[in-house]
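In the two assemblies presented below, subunit A is common to both, partnered first by subunit B and then by subunit C.
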Partner chain A sequence: MSFDESYTTPDGRTIGGVLMEMRNITLRFGGVTAIKDISFDIRQGEIRAIIGPNGAGKTSMLNVINGFYHPQEGEIIFRGETRRRMRPYEAASQGISRTFQNVALFQGMSTLDNIMAGRTLKMHKNFFWQMLRYGPALQEEIEHRKVVEKIIDFLEIQSIRKKPVGSLPYGLQKRVELARALAAEPSLLLLDEPMAGMNVEEKEDMSRFILDVNDEFGTTIALIEHDMGVVMDLADRVVALDYGKKIADGTPQEVQSNQAVIDAYLGVAH
Partner chain B sequence: MFYREAGQYKTSYKEDSAIFPILQDRIAIWFYLAVAFVIIPLFGSEFLINSVMIPFLVFALATIGLNILTGYTGQISLGHGAFMGVGAYSTYKLVTYFPDTNVVVLILLSGFFSAAVGMVFGLPSLKIKGFYLVVTTLAAQFFLEWAFIRIPWLYNYNDSGAIEVPQREVFNIIVTGPDASVLSRYFVVLSIVVVMTWIASNIIHGRIGRSWMMIRDMDIAAELIGVRPLFAKLSSFAVSSFYAGVAGALMVFLWLGAAEVESFDVNVSFQILFMVIIGGLGSLVGSFLGAAFIWILPIVIRAVPRIMGMDINASTVEQLNFMIVGALIVLFLIIEPHGLARMWAILKQKLRVWPFPY
Partner chain C sequence: MTSQAAPEGELDTIPRLLARNARTYGDKPAYREKEFGIWQSWTWAETEKEIRNLALGFLELDMQVGDHVAIIGRNRPALYWAMVAAQSVGAVPVPLYQDSVAEEMAYVLDHCGARFVIAEDQEQVDKVLEVSDRLPQLEQIIYYDKRGMRKYDHTRLNALRDIQAEGAAGHQRLEPILAERLKQQDYDTTCVILYTSGTTGRPKGVVLSNRNIIESSRISVEFDKLTVDDSVLAYLPMAWVGDFIFSVGQCYWTGFCVNCPESADTMQADLKEIGPTYFFAPPRFFEGLLTAVMIRMEDASPLKRKIFHYFMDHAKKVGSRLLDGKPVSLWDRLKYNIGDFVVYAPLKNQLGMSRVRIGYTAGEAIGPEIFEFYRSLGINLKQLYGQTEASVYITIQPDGEVRADTVGVPAPGVEIRIGDNGEVYYRSPGTFVEYYKNPESTASTKDPEGWVATGDAGYFEEGTGHLKIIDRAKDVGKLADGSLFAPKYVENKLKFYPNILEAVLFGADRENCVAFINIDLSAVGNWAERNNIGYSSYQELAGHPKVLDMIQGHVEEVNASLATDPMLNGCQIHRFLILHKELDPDDGEMTRTRKVRRRIIDEKYADLIQALYDGSTEVSTTTEVTYEDGRKGSISATLEIREARVFPREAKAA
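== the complex of A and B ==
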């Protein structure tokens, strides 16, 4: 694999050049170093998995990517430009959206409102029109509702549209969270353990959705996952972390057979 | 049987996004409006209109204001009594300086002053939450009370130290001052409350309302999605205090006729907060139910001994009143912490499936 050329995967998808590059990232919390001098990249259109034992620094890495944590050292290059320190919503407005390890839905709102919330950055009609819920504001609301309905159909959650998300089972909440992230029409989608706590059937559904998102919308996806079976099925490339350090990077097969990875997982007894 | 959406198919997202998608709910709204605009003025006694309905509507408006901040945005305020005062005092200054301007316009304008004050005291919410924010809003309350007393300019240097509402006409009808008829005051209050409720509902169901609720439910996720906390919180403080300010102005100009600082003290702040909590956090219907509960129930309790011919002295009735209302508040919150609005919703849900609950 050379760096800036695109290539075609065995299943016929085109992987482009580098979309985001992390260069020598170091992130510390007081005395704890969560990430130590890690470099890796995410290419346009690929599904990139981040694996590693508990506390390896995976979530911290996602938080760095979407601007929630600011690394003490290192550079982030997004779409060919070095990114300056920024607020999280700026990352969102650049097309980076995410889901969370512990579901972070808006518990008091309905499924529909949660997904509509994902379109916040795309709605601009001013206070005056909002007040009247008329003219441009109503039109905007309906336009976005249409997009949201497409996502609802896509993820097969029509029946829970009006339900408060707090009352939904965990697996469905994860799906609504994916829907909310998709509503922003991201170019880079970050998924933090999207299948944690799911049964086999739910995992299969979620895997299918992730593949479909990548395939149909060409969305680049970086996901954290513990289940090696899922990683082998989904990912084009895998980066493995342990104790905040990168220990392997490559195709799923390469990473799976890497001795450091095997040791790391055995050491933590998974 | 009669209350359900069966057979009412929505053929467009516009219909489904409507605020009352169920036909019966829309009929109910028209019914309430008819009662308020026609039945009560025709058949209501002066006592009912002046001492029950007008204050009920004023408090409902203030409760909507606080609900926007507390129920929808999750920021608690104990300064709303004083924000009502800002509306009242600024209306007083405005009617003094612009005696020929329509007083209704001035009352609405006064909302901008309370909105500005509310925003200033809302600034700490960007850094602090929960109890600490309560303390800063309480500080706002005491600071403003101090200002209402110590700045005689605010009450036009009256010897009484109070706002004395002058007579003003709208379309040749006297609406403020001692000679204003009960009905004219009632219609002004009712119209303003209805329009402002409709506007609140519109805001809440749109992008801005959602951004408030996002901040309330999970501020970190909201920010990652693209809500700017600064804008969401301050806009909520502004709108909320606007409502409180207009409610305060209505209270003084169209109900009390005169007011000094006691009308806006911390008890009022607490009273409105009770109305929000009893009615239901994050519910407009609840704001009305809560205001009705806290304002109308004591009136009913006071009337009971008189109607039943019992000879109980007034102060005993007052004590009983406190005890009964207090006990009911506790009881209600134990039964249904989400307030009257939730009870109302559950009742409607039962109606929808009645008579076959499965």
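== the complex of A and C ==
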């Protein structure tokens, strides 16, 4: 696959060239190898799922992508450039944002404030003006509020705009977290188990939001998910991990029928 | 009977009222909608332009005179505009309930033969597309919210904004056609078709003319002195006749402002922000709000609670008297004013009812305590009685004659008579034209002289001329001694107690009345907790002697109040039992809208009814239940039967 080769999916979305490429990534914690020699890529505009049993290294992989972990071996190529060792906020300023497996919101703050927090990196007026909330800082805040309100509308969370996040049910907290990630206007969105702990209806809603985000904003999405039904419906391509190794990579249909994947999920006699 | 001439200046169609409003009230707000956290507003001049462009766009799409245009979505200005734009080109809007499933929509869309569907968003478009192969007449779907629609095949799909833009672009060519179309309409042109959700059988399409809508609006506006400076919150389904009268008829007649909430879930917050002056809600809304207030007061500090109860007790004493303009002592007035400052005004503000000048409730009986609570705060809540076929208004309560147990006097211009079987008949300028494509139903409901059967039984109270509705006519019967039996009236009295969720009264052709009671698990459970009564299941709680004692108290109170009712004092409950399970739609005992299915209950619980009448003190029974996933099981129980005290009947009025 060359860098600028693009294609159109059956439902009419355009998938571009490679946005991010992982080359022979190995991540160790002391003597434990969490990820072993994994290579795969994420293409512009696609929904890429990472699947695997518990402890397969999925979340570690996501942490490598957004710069939280630094692999001992291998290189990451983002937008055609080899990425240096960097911190998560640098990744964020390059357009990578994420949600977490266990909701990580400011529990005491309102939904609105939580999402506004996602705009932090886009705010440029100095601390002093912001503290006074006056003049250019006020102007800037209004601009950011407009963006945030669009996201609130998009994710249909108007009714909880002013509610403290801690008082919301889990499914809604997940949605607020997605909203905060979107507030950074990411080009690559990482979702760590966005549907965990949700009921069927909430899952359907969340699936629709993920598809809509991808479709409306053209955001590239990499997501970890356990629910195979969801993965089959959402993902363009799936990479399957087991014990830190890549065992399959391809379309959902290919991966689902892959013997190694079936073995990994159902278990085999060793 | 409906020979009134069209009102002054040819204000005989909704589009002509629009033109008048744009001329007279050009810079007054016509619509507001909260979007992106801010109330956006449109003046009448802007509204006229939006509707004109949309109407021109409809012409571009070849919308013909007499076409039916289905409107599906929640209350949004653009959808109201679409209705008036359709009327402007001579088409007939048919609003649908947006929460109907695709199957239900298919029936209505097919029955009315809609050529156009205007859908709010992707969800509604999907539903229509799902059944579109069964709708040969459907040609175009127009959607308002573009989100998620990019990938759809657009050969038959258009965005509403694009239609408007096309209309605006072609205005030189299309304006003369539009002017011609507007000229063709008059007072007898069909204004709207509203489908009623029948409890039995298929929905029926009620055809209402401009005359029906505009006369009803004019009369009710004059009755309540509504003006251009009033405002309403449009949150009830657009397919419901009330919303059409309030948000279209009365709005266009007076020029007042219609406010649309941000989403269905933000209604309460939006209500508070807008503070409408004219407000309608069904009884269950007021009940829910009151319960929420009471629960929050339970959690308040003891001092606050004390103040609240002290002043609420005072409000109960004098609040509604003040509202009715009856004499109240100076000291009580003063105390009420202090209460207003400390409790009533802040509470009304929380409820979003600070500015409500006229509030209405209808559709079901409202509990007297609930009704009194709002009135004692100084909120002018009133009742009306109406139906789609009447363009809402049949009876209405005038200021100063507001009561919880009547539905008021005949609305201006409405004639009412009571049939031999007690059924209420009316005729009025608002009386519908016909049921669309259903001459049999039209003939059986409306006679050649224009009298319409409501299907409800009622009577006029002597002295006051107020109408009391007692029940659906088909459920009303007679006891063995010939006195009137109206189950729903008594059941409602029981259900006003928070502890009683549901009640079923038996007694037709019997010596006396007996009842099944369902307790309300949350209310009684809460009570049990406070009184240290342990229980592990609904069944156990329902069978607890103390619960039976409590319910018996309620039943006897109802009996006492029935004894004073000259018409219904035969309906006192002699014996009752508390059912061991909740009546459930899954078991077919109730409809999905939670109306009791009497015939099924009669069959299923024949053994219990038998026991209630044969004098036994307890009865053992086994009942089949259906779980939510469709599996069946059975529960057995031994139920205690209680005798309730009955009171001597007061002399029957001659």
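The rule is short, and it goes like this: the second predicted complex is superposed on the first by the 263 of 270 C-alpha atoms of A that agree within 3 Å, B and C clash if a C-alpha of one lies under 4 Å from a C-alpha of the other, contacts with A are read in each partner's own complex, and residues count from 1 in each chain.
Simple rule for what comes next: a contact is a pair of C-beta atoms (placed from the backbone, for glycine too) under 8 Å apart; a residue touches a chain by one contact, two chains touch by 3 or more.
Quick caveat, the model's predicted, so the values are computed rather than measured.
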Touching partner for A:Gln158 - first (subunit B), second (subunit C), both, neither: second
Contacts of A:Arg23 with subunit B and subunit C, given as first, second, both or neither: neither
Subunit A: partner with more touched residues, subunit B or subunit C: B
First, second, both or neither for A:Met109, with subunit B first and subunit C second: first
Contacts of A:Lys245 with subunit B and subunit C, given as first, second, both or neither: neither
Partner chain(s) touched by A:His226 [first = subunit B, second = subunit C, both, neither]: neither
First, second, both or neither for A:Arg98, with subunit B first and subunit C second: first
First, second, both or neither for A:Lys146, with subunit B first and subunit C second: both
Set of subunit A residues, in rising order, touched by both subunit B and subunit C: 145-146, 149
Residue numbers on subunit A that touch subunit B, as the complex places them: 66, 68, 87-89, 91-93, 97-98, 100, 104-109, 113, 116-118, 120-121, 123, 125, 127, 130-133, 137-138, 140-142, 145-146, 149, 180, 184
Residue ranges of subunit A touching subunit C (in the complex, touch as defined): 11-13, 145-146, 149-150, 152-154, 156, 158-159, 161-162, 208, 211-212, 215-216
Subunit B to subunit A touching residues, read off their complex: 12-14, 16-17, 19, 199, 202-203, 205-208, 210-211, 213-214, 216-218, 220-228, 235, 282
Subunit C - residues contacting subunit A, complex: 34-38, 147-148, 150-151, 262-263, 265-266, 269
